[in-house]
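There are structures below to look over.
Presented sequentially are two complexes of chain A, the first with chain B as partner and the second with chain C.
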Partner chain A sequence: MNDGLGWRLIRLSTIAVYLFMFLPIVAVVVLSFNPQQFGGFPMEGVSLRWYRELAENQAIRSALSTSLWLGLQTAIISSVIGVLASLALMRFHFRGKQWISTLLVSPILIPEVVLGVALLLFLRWLSVPRSYALLLLGHVLITLPFVVLVVQARLAGLRRDYEEAARSLGANPVQTFFTVTLPLIMPAVLAGMVFAFTISFDDITATLFWKSAGTETVPTQIFAMLRNSISPEINALGSLMIVITISLPLIAGALARRFARG
Partner chain B sequence: MQATPQGGIKPWLLLSPALTALFFLLIIPTAFVAVYSLWLSSATGLATREWTLSNWTSMLADPFYWAILWQTLRIALEGTIGCALMGYPVAYFLARCRLRNKSFLVLLLLLPFWISYIIRTLSWINILGANGLINTLLEALGAIDAPLQMLYNEVAVVLGLIHYLLPFMILNIYVVLEGLDRNIEASAASLGAPPFRVFLEVTLPLSLPGLAAGGLLCFVLGAGTYVTPMILGGPQNAMFATLIYDTIIIQLNWPMGAAMSMLLLMLLGGIVMLYNRFLGLGQIYKSLAG
Partner chain C sequence: MSEAAVELRGIHKRYGDVVAVETIDMAVQSGEFLTFLGPSGCGKTTTLRMIAGLESPSAGDILIKGRRVNDVPIHKRNLGIVFQNYALFPHRSVYDNVAFGLRYRKCSKDEIRTRVREALRLVQLEAMEERYPAALSGGQQQRVALARAIVINPDLLLLDEPLSALDANLREDMRLELKRIQRETAITTLFITHDQSEALAMSDRIAVMSNGRVEQLDTPQVVYNRPTSRFCANFLGNANVMGGRVVGGEPGAWRVDAGGREWLSASTDTWRQGESVAVIVRAEHFQLDVSSVDGEVGNALQARIETVDYLGMSARYIIRPEQGETLELIHGVHHQPLQAGTWVRVWMPADDVILLPPGDVTALAPNDAARLSPEDATRLPPEDAAVGKGAS
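Right, the complex of A and B next:
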């Protein structure tokens, strides 16, 4: 049946959809090398002009550093909290487990605008101004459900035999955790961290509600720059973001394989 | 990892940081929005603690809000239908093809999750804009003299939404199709059903859970978007989230913004709960875990 007209149509539309998905992204990267001021097609040459301008742009450098720090801190907090919660869900049966696990992932299905408004209004009411701390707490909230989902999936294959062996050989629970359990779940922790970093690094909607007036992350900086019009500089910044967020899981994957080999 | 029965207090200790975070960052703030929407707004936007239904009544009586709400749901629905029509053939192809690099193709679908939503949205300006790919090509071919205006309308917004949501749809359908027992299709075919009838009467109905899960995800995420209509739409394409942002951040009318947030949350939350009641959310979470 894989040779009929129907199948050929399906193959053709699959190719078309992949083009639809990736052509615009390729265009961003290609146009970032456009030397002209008002970039667009047709391109008249290839240059690194806009990457040099990025490097010299103080606003962009500070947005990049804010985003990287925010992403890193979010990743650490979110993955620690998320891994502990995942361990509880994977290891134990307890009352209300189904309910808790739905609650943990529920922020995924709540519009980000609503999450943004809720946290903002609550902290304003407590007289906490919009600040970096609010941004960090908020990013922990939006990344946590994804960490829990990913880490749970990674933990599913883990067996308890090793821990039981360690315990029966006389290790105490703390020793067992640090010498046996932690190395075993490290790939899951790493996966959760990378995922949390990427979501935090890429987030725009809720961040617009939470950031203080002077603070910009890379996405909000791009959003502000777009008010004028699209420029090769935006395309260059976009390409930089793409490189950062795509290389990260690849590096983490390589690291995880090293961990696995020991 | 096998679970042990009767964990006692241990699971709750492990869960306590996550539950504390959710309690203070999600549950209390959401309840607070509900309360806030019932407070009177003052000139500075800070609510005075006087109970009133005026935010709700003036919102629900204003045809402008209804028009934007309707527009929001319509755009989300158009995006969802677009995703289903474009996503189904891809999911089917991936589940049934015998290519050696199939897992690479599936991996490629996950790639957009790693690329910022705002980059994916603005990337369409490079395609549809006055100096974009399509206008440049058409001008080079001599088909048009002046660039076509393809941005800042509803079509551009829906296109941007589809681009953002399509991977969710494809993955949800793919997971279900991949898990189907192929013998059912084979036996329908052996009983003489032509391929198209096998698809229509066997494969499609069996893959409906994936289609439904992808549809729910696309619709809920689509109806809550703020950035896509801001970048690809014109002023006439405002969606409900745009309205909430303007009310809270620009007009500083917090009680009204709170009422609007509650309305959006109850509407979309109601759809999610109905879905969960009849179909269950497990499918969706499975596809998101990768």
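Right, the complex of A and C next:
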């Protein structure tokens, strides 16, 4: 009875924290179905008007396609480099291994603004203009640590004797990688790809530094739109982003579980 | 005599400052079942991994079928390896696991199918083709691992403590099974264990290892009955090891003073009078007779049983002779072990009193504990000792 009050307080504060975190998101999603231009609560009906306008807005459509492509390419390049780097770090001994390992994950530790400015200044110094390729390179840079960390953890838990067994049976190192190692670390690789995609898809700080004048991603597009007016279209776009960034990891998780079962 | 299937020449392996294998020179005959036996950490796994090509020796040469293979990578050595945890590919069915090695050997689909079926039949798992490793028991996984290793017709089968992950009953079944399969396929087999009963039961020859060296390499009977070092005497079975001094005699009939009494030994080596020796008498070699007789003939002595350690099919007794130090004795038990306090007459044939150079006492100390562990004794029914004696 005595600690009943304490528990109730804890439960209350937990609920409050969750409300604080999720209410704004819920509000965005709900308001995206509001037909009025300057709508607030209470809503006077439900409509897909803003989604329709979104679909017709050329700038947003191109931003969305840029974001999706950029995310996909980032995910693929990051996971290929990440898997190779993790393999090198976990399966071979060489000089300066510790340094390379630290270097690879350091983008997580450096503030994105600093990273953004640094890469930009570096390329200015090399007199390379801003381009889509630069943006892609930057996104690979900031997502690589996540792939490396996830894949490395999986490799560390993968007993060496699977690979040794494959090699003893006649598979050369490359065959061993594709027939044994890769399938066994696939869940981690998929997870790394999803991380890379969502991070790239959501990123705004560094993207603002790296994108060339004509290119907009969804976050930079929202940012640009907010500077002019607060259109309910933004609610719809926000809801779309929420759906993509939440459903993707869920789908990937389900896929990974499927893979793991074989 | 055919050429050696495997030959190790001055093999040495160190990891930084740690010496894993001191030096090993030995040859394994074609078709032989050879066991590396030794306590944990003595370098068995390292030796096997060097033969497999999973580690490269710091010095020395490895020859397989007369060919130096130091620089041949593992996937070109044509070896079958069974790992301690089986290492079955979890994402592949039993069939695909067994077929794995054949896919790298230019076999037609039909040939692969025939050979996989045949291998699975050999290990009695025909019905399990479609299953995944996770759906198999430990014993079944073990058999799949074995099938996968032998289906490629390896020049050499390497097994690193393959039975240690199984429970006791299954382990004894698999022991027989493994031996049967090895006999049927006649593949030269190198087997690792720290379990002396496994080694004694399965091997054509045993290499007893300690501290990165092979202490003795011989048939199970010789290794058991005629240890060539104090380490071997202690590691296999239970032995009384006493420091002693040669009193007199000649090869075949020595008199030595040890443990407070005189022993007659049939050692054929030459010793000087007064020379220090280690006198080894196996606890299992004592003959025991409850009826007391007067006087002592040769190595006969009157003793009182001090403690009784009942082990099921045998019992371990600590006996105190009328004179001299206590001795350890193991004897078969039919229903009831003898009671503490009973006077018995025991006899030790001079043949079984082994004389060795006093040697390094340090090698002995850590294994005293192992030697006194009761389960070691249970694994050695006195019949084994009797068989051994007949042969020697």
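Heads up, the rule we're going with is that the second predicted complex is superposed on the first by the 242 of 262 C-alpha atoms of A that agree within 3 Å, B and C clash if a C-alpha of one lies under 4 Å from a C-alpha of the other, contacts with A are read in each partner's own complex, and residues count from 1 in each chain.
One rule holds for everything that comes next: contacts are C-beta pairs under 8 Å (C-beta built on N, C-alpha and C of every residue); 3 or more make two chains touch, one makes a residue touch a chain.
Computed from a predicted structure; not experimentally measured.
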- Three-chain arrangement built on chain A, chain B and chain C clash or fit: fit
- Message: Once chain A of both complexes is superposed, is A:Pro183 in touch with chain B (first), chain C (second), both, or neither?
- Response: second
- Regarding the shared-chain residue A:Leu169, is it in contact with chain B (first), chain C (second), both, or neither? second
- Applying the touch criterion given at the start, work out whether A:Asn57 contacts chain B, chain C, both or neither, answering first, second, both or neither. neither
- Task: In the overlay, answer first, second, both or neither for which of chain B and chain C A:Ser47 touches.
- Result: neither
- Message: With both complexes superposed on chain A, which partner does A:Arg159 reach: first (chain B), second (chain C), both or neither?
- Response: both
- Item | Which of chain B and chain C A:Ala27 touches, first, second, both or neither | first
- Message: I want to verify the contact counts: of chain B and chain C, which reaches more residues of chain A?
- Response: B
- Note, angle between chain B and chain C viewed from the Cα centre of chain A, nearest 10 degrees, works out at 100
- Which partner does A:Ser131 reach: the first (chain B), the second (chain C), both, or neither? neither
- Note on the structure: Minimum Cα separation between chain B and chain C after superposition, in Å, equals 8
- Message: Taking the stated contact definition, name every residue in chain A that is touched by chain B in one complex and by chain C in the other, in rising order.
- Response: 159
- Query: Considering the complex alone, what residue numbers of chain A touch chain B?
  - Reply: 1-2, 4, 6, 9-11, 13-14, 17-18, 20-25, 27-28, 31, 38-42, 80-82, 84-85, 87-94, 97, 100, 102-115, 117-125, 137-138, 140-141, 144, 146, 148-150, 152-153, 155-160, 198, 201-202, 204-205, 208-209, 218-219, 222-223, 226, 230, 234-235, 238, 241-242, 245-246, 248-249
- Hey, which residues of chain C end up touching chain A in the complex? 52, 54, 73-81, 83-85, 87, 89-92, 100-101, 104-105, 132, 148-149, 152
- Complex contact set, residues of chain B against chain A: 1-7, 10-15, 17-19, 21-22, 25-26, 28-30, 32-33, 36, 86-87, 89-90, 92-94, 96-98, 105, 108-109, 111-120, 122-127, 129-133, 136-137, 140, 163, 166-167, 189, 195-196, 199, 217, 220-221, 223-227, 230-231, 241, 244-245, 248-249, 254, 257-258, 261, 264-265, 268-269, 272, 281, 285, 288-290
- Note on the structure: In the complex, the residues of chain A that touch chain C are 159, 161-162, 164-172, 175-176, 179-180, 183-184, 262
